[in-house]
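Structures are listed in the sections that come next.
Paired with chain B in one complex and with chain C in the other, chain A is shared by the two complexes that follow.
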Partner chain A sequence: MELWYTHLMRETIDQDSLLVQGNRACALGALDAGVRFFAGYPITPSSEIMEVMARELPAVGGVFMQMEDEIASICACIGASLTGEISMTATSGPGFSLMQEAIGYAIMAEAPTVIVNVMRMGPSTGRPTTPSQGDVMQARWGTHGDHPAIVLAASNVADMYRLTIAAVRFAQRFRMPVIVLADEIVGHMRESFSPEIAGRYRLTSGDFDFTETYIHPEMVREVHPPHELGTLIHPHVTGLIHDETGFPTNDPKKSEQFLRELHDKVVHHRGELCLYDVKNVGKGRVAVVAYGSCARSARAALKLAEQEGIPVEVLHLYTLFPLPVEIIQELARRVEFILIPELNLGQYAREVRRLAENWTTVVSMGRIDGNLITPRDIVDRLAELVGKYESA
Partner chain B sequence: MAEGESSVAEQEPSVAEPRTIDHYLHTDRFPHIWCPGCGLGTVTAAFLRAALELGLEKDRTVVVAGIGCSSRAVGYLDFGTVHSIHGRALAFATGIKMAHPEFTVIVLTGDGDGAAIGGNHLIHACRRNLDITTILFNNNTYGMTGGQASPQTGMGGYATTAPFGFDEPSFDLCRLAEAAGATYVARGTSYGVRQLQKLIRDGITHPGFSFIEAVTQCPTEYGKRNPPKGPVQMLENLKEKAISRKKAEGMTPEELEGRIVTGLLHRDESVPELTASYARMLERIRKSADE
Partner chain C sequence: MKSTPSKQRVRSTPRFDSARCKNCGLCACVCPVASIEVPASEVPILLEPDKCTSCRSCEFICPDFAVTMAKA
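After this line comes the complex of A and B, so read on.
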């Protein structure tokens, strides 16, 4: 496999200290993961991803298409995917809303593709150049009907590279769309990024190193073999409920079995899909659960809080969905409360609360003014809460 | 496919036994969902006869459809078939054709699917001049949802959502396609099946975006509310209204009012086809990288 730095080597920059933008790292990750079809539509703050793809994909023999809108973009990606190509698109809130129907189709038809959503403030046009994490629930439940979802969240430039690769692998293996959530901070941030730094990451669970034999479609449940249009199988692909032949069915038993299996293929592989990192395991009285740019602040807050006498455990989630149920419940048993900083009004806090409320208190720390949550903000809120629970 | 298994494509019929359109059909999926008297099957059969004439390979042909009565055709066809989402068949087809230029890609769509919800994709597909053949089944209504007005219902037409008569004009879809950049534009009817078959055949062989409007009848939903009633009467009406392009050339707009101009309406082979020009770009990049 061609390694990521081959793409960077074309730039005359000292490789030991490369400043790479998050959106660019995402595109480089896609190229290294084997993405050879990209269709997109310009939107702030994700446009750099498609700009890099426009330049780099033809050089590796891939197809880049600028489509007439985001609906056409994801539909073209699904079309390419059905022929066996590895495809991807990138967008932000308004475009992500337009893609929802087709995301449901890709889930139903079991067509792998990757959708990167660099989140900006919403609803509607909102504030296009301002970070937000307001699309978490849309990433989970945006398309209609009961459906499974795989949603990853990037917190820095290296994540943009590594999680994009992970998303491609998950999509191919589980034969469904995978959503990567970034936010404007992560997308536009420039950080030093090198093989050394990328390799330094160690996660508590899983990792980003996929073995050669990772993608075995037969390892997960299949309605029928991977579609490959233009082969002897002549598959029929449909968004209707279908049976093992691929053709529509109205049989109640088969319909329920089909939908349950779509869910089970994700839920039964939660251990493999849930990427996370936990700091200070068992050493904190309280915990912070965070993802995306807020996780950076949370990690920095850990040291600051220790200096101020508050031992804190930090759970950094890279996979938001499927929910890391066991990980959150174990944490809930150990700590007095869980604080969740996020750039929305508590979308993920509600998910954590329903998993953890039997054992601990879950406090949402939402911010929606367009500014980021700083480590200081988190420590101050922790101190406040510790005082409150001690006096109680 | 496991080794030793034979594919349908390999079971060649003998010379003495010429192929029929059953060759391209999943007859086990019959009976089809279309109503008695419906013209969609007639148009589908014209496409399949064109496919037989050209000897389209099942394994190298992908047929993409959207949502609606006409789009259900793909559920009976033995090609690689995609029953996509409402209005987006051309966007799916664009991904398929760009990823695999060697496939013959056909899009089956309706007047609601292709001209209303999918109108934006239609004009951009025409503009790109990708080698896709689009057959738009125009029956002037949304049949599957029960006879609502479509952009092609026409001024004064009746529909469940136009109970007092529709007061919006229609598109001239062929002029729309031509203006948007389609390089092969033709119109036929479900009455003139031989002409339609020829137009579709030539559209498939045309290297570029081909748009064929197939005007057809929906006695159940459109005919119920608009004269003439009944499939036979509707077909006779198509026969009377249809006029060849040649004959139409000498006629005034007033004389052409209400007529259906059929035949090859536009063909331009000077515009580069997109997959070919994309391949040339890749070649250019490869050469400059080698230097």
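After this line comes the complex of A and C, so read on.
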């Protein structure tokens, strides 16, 4: 059988393992997922994604463009995606701020694209080569208006590969921009992983199967079908609130319906969108909820804490938004407290607290000095807190 | 204050000039409500004038200036 993850396989050092840098793995994932258009502007710590794309895309018949800034980059990606091309761009904090307006446009115009944000310490130029998770809320609420968002968070090099593929799938399936968050440590880290894991994330033709035409007889639909360019249907694309014809409307009823449709397509598919991993299910007295590079520390802390007699359950989230409401609430019902280690001042902890406060206590553990949260830090904090809160 | 009954807005709809039309069918392609039909070698017909949103896409796209907008 012919392998479909050809780009990744070129990196193998032997049959069972390969050694790749996180940013490179992201670019390889994009190529294997069928991304054939990349527009970007180089920025530490995401530049390597652009470098790989610049070298590899022309060879597979794709288009690479270096733009004058990040605003132009995302706009070029939206344009490319409207022609049916699978597009992607990569950036870091300052560039991500510039992209915000166009992200809103992409949500409104239902143009699928993938935005990789390799987070640096901020605000502003901050510390470019320092890991951080400060862009979590920006990824959710950066652009104005009530909008849906799909945000994924990578915690290691293998994640960079497979979550990029998942992001392409979600973008095409839900016709909206998908944001992949990574932090500097994940982007610049080189590590080995088994190429076998790639096989599980293959895109099937069903992921791109849209047969309906642009004008749909029913007003209420979950996902808008794509524009059919090159056919007799001539679509009109706008960032204004539009009706089923694609032209702007001021009708209150139609406006509400349109905005609700945008949200519903994400909310109704939460089961499909929420990727997560629970370690030690039902056996923990306390729980750690983590994502990104902190999730690696949390997984290591699990073993360490067990040795010290603290049973811990670890919820590793790959999808940050839409919020995995049911999963967090279920976890909250069975533990004493939830500890959330993250490289910011508790941005995601606030979201988890909102969901879990009826059942348990949520403790935020933020670190903003540019260093990582180590497994030892997590275990020490757990030991401090165990027994302090009433059992759920 | 006395309330006055609101005026019924009369929308403009496209008129097709048979002398200029070369039957290319572009107007039918761009119509967002798919209500223009172009019969073979004849002038386009507005099938459902009520559905027309007066967006003027057909007027804009026509290469031969054969479409003009007019009120009923």
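Here, the second predicted complex is superposed on the first by the 337 of 392 C-alpha atoms of A that agree within 3 Å, B and C clash if a C-alpha of one lies under 4 Å from a C-alpha of the other, contacts with A are read in each partner's own complex, and residues count from 1 in each chain.
Note that a residue touches a chain if its C-beta (ideal position, glycine included) is under 8 Å from a C-beta of that chain, and two chains touch if they have at least 3 such contacts.
Treat the numbers as computed from the prediction; the structure is a model and nothing was measured.
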Overlay on chain A: chain C relative to chain B, clash or fit: clash
Which partner, chain B or chain C, touches more chain A residues: B
Chain B versus chain C as contact partner of A:247, first or second or both or neither: both
Which superposed partner A:325 touches (first chain B, second chain C, both, neither): neither
First (chain B), second (chain C), both or neither touched by A:237: first
Which of chain B and chain C A:105 touches, first, second, both or neither: first
Touching partner for A:82 - first (chain B), second (chain C), both, neither: first
Touched partner set for A:65, first chain B, second chain C, both or neither: first
First, second, both or neither for A:19, with chain B first and chain C second: neither
Footprint overlap on chain A, comparing chain B with chain C: 232-234, 236, 247
Parts of chain B lying in touch with chain A, wherever the complex brings them together: 1, 7-9, 26, 29, 58-60, 62, 64, 74-75, 78-85, 88, 91-96, 98-100, 102-103, 120-121, 124, 278, 281-282, 285, 289
Complex contact set, residues of chain A against chain C: 215, 232-234, 236, 245-247
Touching residues on chain C, where the partner in the complex is chain A: 28-34, 53, 55, 57, 61
Residues of chain A touching chain B in the complex: 37, 39, 58-59, 61, 63, 65, 67-69, 71-73, 75-83, 85, 87, 101-102, 105, 229-240, 247-248
